[in-house]
Amino acid sequence: MNHLEEYRRAVSEPSDYARQLKKASGKKIIGYTCSYTPEEVIMAAGAHPLRLFGTKQNISLADSHLQSYCCSVVRGILEEGLSGRVDYLDGMVFPHTCDSMQRLSDIWRMNIPLGFHLDITLPVKLDTASAKDYMIDVLKKSRDDLGRKLNIEITDEALQKAIATTNAIRQSIRAIYDIRNLYPQLMPGEDLYTIVRSSMIIDRDRLAVILAETAADLKERAVGAKPAAVKRILLAGSMCNQPDVYAMIQESGGEIVWDDFCTGARYFAGLTDAGNDPLSGIGERLMDRVVCPAKHADLDGRAKHIIQLAKEKNARGVIFLMFKFCDPHAFDYPYLKERLDKAGIPLMVVEIDDSLPAGGQLKTRFEAFLEMLRKEI
Amino acid sequence: MTEHMQNNEKKTVNYEKQMRDIMTTYYINAKTARQNNKKVAWITSGGPVEPLIAMDIIPVYPENHGAMIGASKMGVDLCNKAEQMGYSSDLCSYARGDISCATVNGGPIGGLPEPDMLVCCNNICGTVLKWYEVQARYFKVPLFIFDTPIVHTEFSSEMRTYVQRQMDEYILFLEGVCGRKMDQDRMKEVGKLSYEGQQLWQEVLDTAVNRPSPLTAFDAFFYLALIVTLRGTQQAVDYYRGLRDEMRRRASEGKGAIPRERYRLLWDNLPIWYRLKWLSQEFAKHDACLVADTYTSAWCGSLKYVKENDFIGSAAESYTRIYLNIGVDQMAGIVLSMIDKYGADGIVMHSNRSCKPYSFGQYDIQKIVERERGIPSLIIEADMCDERSFSEAQTQTRIDAFMEMIRANKEAF
Amino acid sequence: MYTIGIDIGSVTAKGVLMSGDKMLASEACFTGYNAGAAARKIFDRLLADNQVRPSDVHGVVATGYGRNSVPFADKTLTEIMCHAAGARHLNPAIGAVIDIGGQDSKAIILGNGGNVANFIMNDKCAAGTGRFLEVMARALEVDLDNFGARSLEAENPAKISSLCAVFAESEVVSLIAGGEKRENIIAGIHEAIASRVAAMASRLGIGAAASVMMTGGVARNIGVVKAMEKALGYPISVSPHAQMTGAIGAACLASYAF
């Protein structure tokens, strides 16, 4: 069974899914905004972590609180909160991400009385001993805070169990990515997008089961498959909220074989070594996995990572999808371009915004870029 | 610049000229540092400069340079150049200007002296982190990052521990780059001078409580330079003591900064550096004096956390709990207290494209001010350094309409 | 006592002659290249057509973007003040004004006594202005005067989500290419402009109790008025003198100013 219908339903109507889950299981629904969120802590509290990605509706209520020079992800999340469409939320968790998210947390806390509000002020630095100690301190604090707000004691055992589940989920998604990387023709890019996105929406225990089955199904179909002759593309950026992009690139003759998205490969990067102290394990994974541009680990780790990915996955080119008004990614772009140019890897950059549906202009640019690339022999 | 009435040229010191002289000397020293065997550190405006002063390192502020670039109307060209380099036009204009300036040695003083080290404290925003990463790659010099977590609602013991440890790491970093140890006595002395300097700066700003105010926010934007760049020096203490006494003298003689002060306003956010004179004239034309602002007061806002005799020990809290690093509701509380202290009839909020932590939340602060104090607020959409985001005609209409409203409201009582 | 109010907009110049608080006459012409000349033309016409001598005129107030180009004006006031006063004159019960002009839009809350209690402007973005409608009407090859009425014929308004007028035009082109019914597109455009302006009005805190009037040229567009009512959730009144509101307010204020 490939469970694609289940993933699709969750992704197209996440609020319906959340309401049904809440009704059926009684689980508390906790919203979050960033892949640095310690989901395991939420799970260990018996609650359900649900990622908010923005909004598919027009933005109007958020305009009363955020200026137009704010990215549509942040404005969209605020819009969802203000509109009442996510009134099933029992709480909202805001790890520190970037300047816009930081203010979103305050504005949400001041204006949206939905359940509880929790800040997790994670470090921005990820490269020193004191940062690591602080990371673990904050995770410990978040366990205490969350436990208090949910009126439950979050035990180490529960954490260990949650870690096992998230590790299993990550391994399954990685397996799917690996197989698809070899034989992209086995699964449309849109489906990959759907699977990864749904893994931030669907109940994690259920997810662990169905993802394993999806991976196994794909593995079976891969037997005897041959690599397709396509123009292999790497996507880079923070996230893509419009699956049409995948279809567009496909129609233009390309295939997305990997990405470095927060809501993509970075989400399942690395496994948690629970060891003796589960929170330390969670913290270490967050310190070690490839850095988000809103954090600091080194001066050029991201460039090295993208170049290595491109080589490893035999990508013919890299497409940067950057949200308008996303500062951390925009600051990184010039040096990434410089390094990729030096490494001889073709790239293109497009600015995206959730209020601008992926249309003809975008398709034309993808087509032009792909025409430029040599085909994989 | 607001015209001040000078009593007797021979007796009184011209504080504007003195500031210009001090800053000129400061920049000359910075640009000749190497010849004098001194090291130069680039540091963010909210960063702890005191250890640099104590170690005889010359601190240089790319943001102060950004303000100068804006004021000398060179912002558009330099930002343009940065865009050609691949930097989005939506990024902070200070950063864009500085990044391109470094490659062409542009700007009003022919570029900043190259840094021997970079010190980046993110208490003001996350942009500085990226900006300094860019410069670290460009200049290939050591980078120290001071990570001050955001105090949305509480300053936790975990935060205190983390920032305190970084303070120690910072000292070690400086000792490493300089190849010598920090003189603890000197550090203590600098800490005391920093405290005194901040106190004096607060007292300078306090003189605006008087009616009429001897000082406008536009003056404060100008006089701010020393407390930012040379905090911890005797020079800053001496200057501000003199300035404070001068302002007190003017206040006692009833000398207002503008010809006729009928309305008192508060300014929020960074200045619009390339239009300061025009703005002050526009408001003065309406008999309105901007008596205080949230920007300049940020450099004495941490006084309550600073321990005069223990700079290093209290730096964790004083550098973390600054105006921009707290929750929006706390910022609103500070705005309300300033409205009360200075007797403001309205607030003018610069919705600054380049500064998200300062601008996002202004709409909520606006609502809170209206609800709690019943005074009107005006939003001016612009950018602190990039003139392309500013429209004079539209801004003038808004200021005129705002003042019409304030005038009518006041007359109604 | 005669007073004259002149509102120099970016496209049209309007003038009103009042006697006491009675509106006697109004004039309009294209502002064109020379705002001062347009103002003069309006002034002269108002006097000539109503047999009023210049010395009979107690005061002239100029408003609008071109207000500083009227040398014979006794005083200049912003259009915020003038729209407020004008709306109050047309209907003393009015508590709030929403004006969508050619190149900007604004919302005003009136205080006791008809003065301005608070205001908000959108002057940076074309998507909430009359210009947006003009551009769209041209793209759809519909007469601008008919645009609003056509929007009411839609069964299923198309969704136009772009923040920017330029991109909205691209969206419209795609919709046309996709075979969407013209009425639905037109309705979508009206909803888009209404949503921008309504968001601005909500930010200011205009609520149902306020008794809102729409002024300015775009108020004559029934489609926008209906879309605004839908977006805000309460009725909006429109005076037949909507386009003259600024000039009327200027003329009213001319009698107090001296």
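Every chain is named by a letter (A, B and C) in the order it is written, and numbering of its residues begins at 1.
Everything below uses one rule, namely that a contact is a pair of C-beta atoms (placed from the backbone, for glycine too) under 8 Å apart; a residue touches a chain by one contact, two chains touch by 3 or more.
Computed from a predicted structure; not experimentally measured.
Here the chain pair with the top count of touching C-beta pairs is A-B. Closest to the middle of the protein, by Cα centroid, lies chain B.
With centres taken as mean Cα positions, subunit C sits 41 Å from subunit B. One finds 46 Å separating the Cα centroids of subunit A and subunit C. In this assembly, the C-alpha centroid of subunit A lies 37 Å from the C-alpha centroid of subunit B.
Shared contact sites, meaning residues of subunit B that touch two or more other chains, fall at 363.
Multi-chain contact residues of subunit A (touching two or more other chains) are listed as 64. In subunit C, the positions touching at least two other chains are 203. If you check the complex, the residues on subunit B that touch subunit C are 363, 367, 370, 376, 379, 381, 391, 393-394, 397-398, 400-402, 404-405, 408-409, 412.
Taken in their complex, subunit C has these residues touching subunit A: 125, 159, 161-163, 167, 170-171, 174, 195, 198-200, 202-203, 231.
Those residues of subunit B lying in contact with subunit A across their complex are 85-88, 90-92, 95, 122, 125-127, 129-131, 133-134, 136-137, 143, 145, 147, 149-150, 152-153, 156, 158-159, 161-162, 165-166, 169, 327-329, 351, 353, 356-357, 359-364. Residues of subunit A that touch subunit B in their complex: 64-67, 69-70, 96, 98-100, 102-107, 109-111, 119, 121-125, 128, 130-131, 133-134, 137-138, 141, 293-294, 296, 299-300, 322, 324-325, 327-328, 330-335, 337, 351. For subunit C in complex with subunit B, the residues that touch the partner chain are 65, 77-81, 104, 111-113, 115-121, 123-124, 203, 205.
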